[in-house]
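Just so it is clear, A, B and C label the chains in written order, and each chain counts residues from 1 on its own.
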Amino acid sequence: MEFTIGQIAGMLGGEVKGDPSAKINMLAKIQDAKPGQIAFLSNPKYEQFIYSTQASVVIVKKDFVPKKEITPSLILVEDPYLSFTALLEQYHKMINFQKSGIEQPSFIGESSVTGENIYRGAFSYIGANAKIGNNVKIYPHVFIGDNVTIDDNTILHSGVKLYSGTKVGKNCVIHSGTVIGSDGFGFAPQADGSYKSIPQLGNVIIEDNVAIGGNTVIDCATMFGDSTIIRQGVKLDNLIQIAHNVEIGKNTVIAAQSGVSGSTKVGESCIIGGQVGIAGHLVIANRTGIGAQSGISKANVEGQQLFGSPAFELSKWLRSYTVFRKLPDVLDRLGDLEKKVKKINESTSAPSN
Amino acid sequence: MEFTIGQIAGMLGGEVKGDPSAKINMLAKIQDAKPGQIAFLSNPKYEQFIYSTQASVVIVKKDFVPKKEITPSLILVEDPYLSFTALLEQYHKMINFQKSGIEQPSFIGESSVTGENIYRGAFSYIGANAKIGNNVKIYPHVFIGDNVTIDDNTILHSGVKLYSGTKVGKNCVIHSGTVIGSDGFGFAPQADGSYKSIPQLGNVIIEDNVAIGGNTVIDCATMFGDSTIIRQGVKLDNLIQIAHNVEIGKNTVIAAQSGVSGSTKVGESCIIGGQVGIAGHLVIANRTGIGAQSGISKANVEGQQLFGSPAFELSKWLRSYTVFRKLPDVLDRLGDLEKKVKKINESTSAPSN
Amino acid sequence: MEFTIGQIAGMLGGEVKGDPSAKINMLAKIQDAKPGQIAFLSNPKYEQFIYSTQASVVIVKKDFVPKKEITPSLILVEDPYLSFTALLEQYHKMINFQKSGIEQPSFIGESSVTGENIYRGAFSYIGANAKIGNNVKIYPHVFIGDNVTIDDNTILHSGVKLYSGTKVGKNCVIHSGTVIGSDGFGFAPQADGSYKSIPQLGNVIIEDNVAIGGNTVIDCATMFGDSTIIRQGVKLDNLIQIAHNVEIGKNTVIAAQSGVSGSTKVGESCIIGGQVGIAGHLVIANRTGIGAQSGISKANVEGQQLFGSPAFELSKWLRSYTVFRKLPDVLDRLGDLEKKVKKINESTSAPSN
């Protein structure tokens, strides 16, 4: 992964000042960059660093005029921050998709088919009748159960576990240790106080462009033909719990350690903080915002901001919380008033004796 | 796994109306069923579906009389819901226990013994001196440390980790990514501000009929000969933390992301919600109910319902919470009263001037 | 692992009463000990057990004089508890470090180097260009990405996942299922309501003497050259979330299921309870104490004790909480006062009619 400055300027549609044949192998921040690296200057308060940086080349604004002598070459573009971000993404994609081929030992069951340019790391396991698309990257210790399907360009990091029947869409990234398709938590109480497991026979469907963090767990649906569904564009952080038969709506984002209980349907474009708990069998409206550590126990209206445990509207919650902090003072004032009123009553009743 | 309608009716002790030799290979809901599948009709509000279902056979009540013509065969039983549930269980058991044999490569250490009809998935690891019972299913990437014992009919899903010395009973199911026997969190503060690890030398005992979800962690006991104990019939959900020397009583159920701190003893038949935290060195009484996100900081009495953080009795907590929601109003009323009392005092004291 | 009583007395600098050539193979509590085991007596209230224990030898205080006949040999030392603890540690170290050699199949990539006396369990994976120090123990199913470095005497339990570029110091212990270096949770909102992943290109640095529990997740830093840093001596429990670009200060201890959001810097020697959430971009001062289930939403001063969600000073929080529990009573008293004041106003205004 080495490019010339000229090649990079070509990708960015920028103009080179300096030697276009010099080679670049890494991106860096302007204050940390070393020779052979490329940096960018966007915010004027970082301009000082362009006079001392060791970067071989710096991406700058088209109209940038150095106030002193500088050593790096320049690439002149419309928007250096966007250009640098585009390079970062390109680099990230190259890093993520650079692995390919089959490391040994790895395991693949009967009748499974795999697409082109896939990576199957050592000790990865693919069961029977699985369908794996093109350009899928399966890191070591991934478990893919029977009848799983995975669409193109999806990355499963080391140790991801997909139970039988799971379906994963295109362009998904699932991080290490995440478990998808485990049994829902369903138990029928028996007369003797014990519980009988309710068979969990559904599956999990992950649509396209979903990102899931590490050590998250998504349970399968209970019944045949039913699915726990993570809709397209959803982003789930680490250590999240998604129970059986849940649906998470398109483009909803959930921060780490939150949990959604069984059969709840979370709307589209919600933003849910960390360590939030959502009770079962609820419908959470589209565009709901939920503050960290809140507990949601009932349905709500679109666009609402919720907070607290159990949660209600953020603005109202904040006013209650403000008084909560002053409660000792409130109690003092109440006691004080009681004394005053007692005194008034004594003095006003005194004459009547 | 294909049965005739006659075979299924035989299992259920039901009577067939239609062709008993027709074949069934899957269970489904009446509204979704396809040819070759079996469904049931219990709730009268679903009766409409029996006239349009594609199911090959539907389990119905003994006295069911169709109001129109129907295409599926029927199996007539006392209680269609119970019969269908029995089939689901049977099917689930067959699915879960269908794997057997040893996939390669897999690893087994010296002096370990395994029972009959077990499954050892590829990349599963069994250390030395382990004892594995009959019909145990060990999925790929399971780690079983030295001196572990696992009794009959237990299923360890992909990636379960059992540290040395763990004991697991009969008929248990442990889901992917769960870790059992890791070091308890014990550290002795030193004079220089650092901490020294306290050696963790006990083990974990899981009794019979326990179900444990995915990515849960159960730490070993601290001392030799001591055990962290999960009693028979306990059901633990995903992402739960059970610290060193904890005991969870018989038939207690704990929902996802809850945690129990070191040396606490939770009673029998408790029902504990999600994201609950229980402090260390407590005794939680039998049949305690704990609401989601509660924090338990002291012992309690049998059958109590607890809520809040720190928790107290649910009914009392609800009354406090109701007032919490009205606190801004309470503050206004208090301010109003203060003004009134001031006015009274001014007016009553005015004459005395 | 068998020692004579004489050898053990030698290690502890103690004096033997009894047969120094008798053999010991295990440590135990005095009330549970069996023949061949060593126990200790420190607290006088356990003295009764020394007259009935089956232990072969008991470590006692130098000046201990039995009141009755005893069967075990004795080792006389200054402080029996400390001596026993030293033996426990020695034993624990031996247990932890006894594995060595390379089990097959295991995987190691190009240009990776490993030190002396290391253990590489079956199905462990080491990528390319990794550097593994002396005496490192890599259990089965561990994943070590490309360019990872691990310093001497570090133990990675089964199923630990270290993403590319992670650096781990000396004498660390990381428990099963823990994920280090996964992508930070960073997404840029797009005009159409979807999110674009922000490439995560930094790494994680774990310094020396760090202990990390099971199924914890530590995300990498966002930018090249940046690191999420766990400073020396930090102890993290199970199921903890550490987001991108976080720094946890030296000797800080965090209990299970807590989470620290992106770019927050936690000070040195903090003690943080379980299920705590800390918001992003904060600086938590040195020696801060945070109670279980608290939510930290702003910076604080050194040595503060915080509680609640959102948290404030523990002592103040406790006073507010005490009133919270009495709120129904407060409401009654307020209603009562309102009636009294109304009555006063009616009676005092009556005459003016």
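Just so it is clear, a contact is a pair of C-beta atoms (placed from the backbone, for glycine too) under 8 Å apart; a residue touches a chain by one contact, two chains touch by 3 or more.
On a predicted model such as this, the values are computed, not experimentally measured, just so you know.
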Graph distance between chain A and chain C, where chains that touch are linked:
1
Interface residue overlap between copies chain A and chain B, same or different (over half shared):
different
If you average the CA atoms of chain A and of chain B, how many Å lie between those two points?
26
Do you know which chain B residues sit against two or more other chains?
105, 123, 141, 159, 177, 215, 239, 257, 275, 293, 309, 324, 326, 330, 334, 337, 341, 344, 348
Which stretch or stretches of chain B touch chain A in the complex?
26-29, 32, 85, 88-89, 91-92, 95, 103, 105, 121-123, 139-141, 157-159, 173, 175-177, 209, 211, 213-215, 233, 235, 237-239, 250-251, 253, 255-257, 268-269, 274-275, 292-293, 309, 321, 324-328, 330-331, 334, 337-338, 341, 344-345, 348
Taking the touch rule as given, give the residues of chain A at its contact with chain B in the complex, in rising order.
105, 107, 123, 125, 141, 143, 145, 159, 161, 163, 177, 179, 182-183, 185, 187, 193-195, 197-201, 215-217, 219, 223-225, 239, 241, 243, 257, 259, 261, 275, 277, 279, 293, 295, 309-310, 312, 316, 319-320, 322-324, 326, 330, 333-334, 337, 340-341, 344, 347-348
